[in-house]
């Protein structure tokens, strides 16, 4: 599976309806690293009004996936473990991911989510992901 | 923290803007168990058009949380581990959660996500969650 | 990779020096399920004298591995998530594992650890595992 | 719970029978960080002769625990997620842990395991851990 460029990954991001709805922007995607941002918006809250765990997870997973794509081509996530360190309260959010190990059969990555408010950036969650490269063209059967 | 009834949990579900947006419905929430459903809708897709990992995670986490709330009152999730077994492709999705161990300081639960299409229900993901009970009234500082 | 019989899995268990040292016994291994037992012995304690988290993890992982081997042949574990529900205090310990999904590229399983004392059996930990089938003969490069 | 010094943590390490058996040595434990080492020995193998996943997990968990103890006093692990990146083959092994977030109710840490052979050090596994501080004196009821 060919490795994708940052422009191709930004285009891939736009093909996912949920990513568009949530406002994910690819800030960086190259050399085994990816940075993803989204602004807060009012439909993303859990019951106390912070960013919902589903969006925390979506940002962390997508950042891992895009980091993996720069190293191994298209992947599907098979496992994600998320630690929620603090309430995700901010004007915007930034997920930073790094590939830990690119393999032929599996790609490992980890990511961190920061909540940004005025001038402060707070680490609010961390994740690890196990992904599996998929063969051939973008496959309608891939999962993530 | 008082234990909540199913009606109170359904009301709690409605206070979360993301749950309303995604169309989460509380089908069951009592005795350490919870069932949550949502219909497919077009803004929830990943790039191949299946349910996004963020929504898979949101359903699994919320179901664990509601199961915990029936046993221990309000909780905040501190850890979630998700295994993605198969593409989440369906007309609707159902998450079923069970409390594994309700503790004073921590509540453990596990959940399974089924994709429903016509008459078939397919297991597409599993999760475990570690949650911490929060004291006092619903707290604006809680995380999930 | 051929599926192994319970007798072959019991023999495989004996080839692992740590399993022999710890006293792992294969009670069952067939049809996607495995049961493993070990007696308490004094070199297995953590600082409060309960079963060490490393042995809790070893039992849970090995049980998942043997369950997988009945469904998919030899595997290597790539991810394990363990929840520690209660102190692992007992005269012996029993891990029960079930394959959640056997795949060509990945096998998912889950397991539970019980501490046994006199007539009572207490659930003390749960785990999920992601494993990858290995090709060919038992490979000196396999990990677990 | 008072924070422990490196000398106290080294003494704590010696109170765990499994740590003594496996030959764990505390190389560092201060300021939210810990380094733990053990030599390879023949009773620690899995079936292909590499370090058993149980010992990989034990080193990663214990290093997280000792890092946490420098920041929050005695803790008990409630969740650990381990990713196995490569076969753990070496003459000795070194686990390095860092506290990600020390909290009053929960402490989060992460760790990496390196296999050391001649002059090379290879990253073979990573872990995250969620731990809960325990109150009062070293408690015979603590788990890890």
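Observations on the structure shown:
For reference, chains read A, B, C and D in written order, and residue numbers begin at 1 within each chain.
Simple rule for what comes next: contacts are C-beta pairs under 8 Å (C-beta built on N, C-alpha and C of every residue); 3 or more make two chains touch, one makes a residue touch a chain.
None of the values given here were measured: they were computed from a predicted structure.
Where chain C touches chain D, over half of the residue numbers in use are shared by the two copies, so each contributes mostly the same positions. Chain centre most remote from that of chain A: C (centre = mean of CA atoms).
Looking at B-C and A-B side by side, the one with more C-beta contacts is A-B. Centre-to-centre separation between chain B and chain D, using Cα means, comes to 32 Å. We define each chain's centre as the mean of its Cα atoms; on that basis chain A and chain B are separated by 21 Å.
Between the Cα centres of chain B and chain C there is a gap of 29 Å.
Annotation for chain B: residues touching 2 or more other chains are 78-79, 81, 83, 86, 130.
The part of chain A that touches chain C in the complex is made up of residues 78-79, 81, 105-106, 130, 132. In the complex of the two chains, the chain C residues touching chain D come out as 12, 15-22, 42-50, 52-55, 57-59, 61-62, 76-84, 86-88, 138-144.
Only residues 81, 83, 85-86, 100-101, 103, 108, 110, 123, 126, 128, 130 of chain B touch chain C when the two sit together in their complex.
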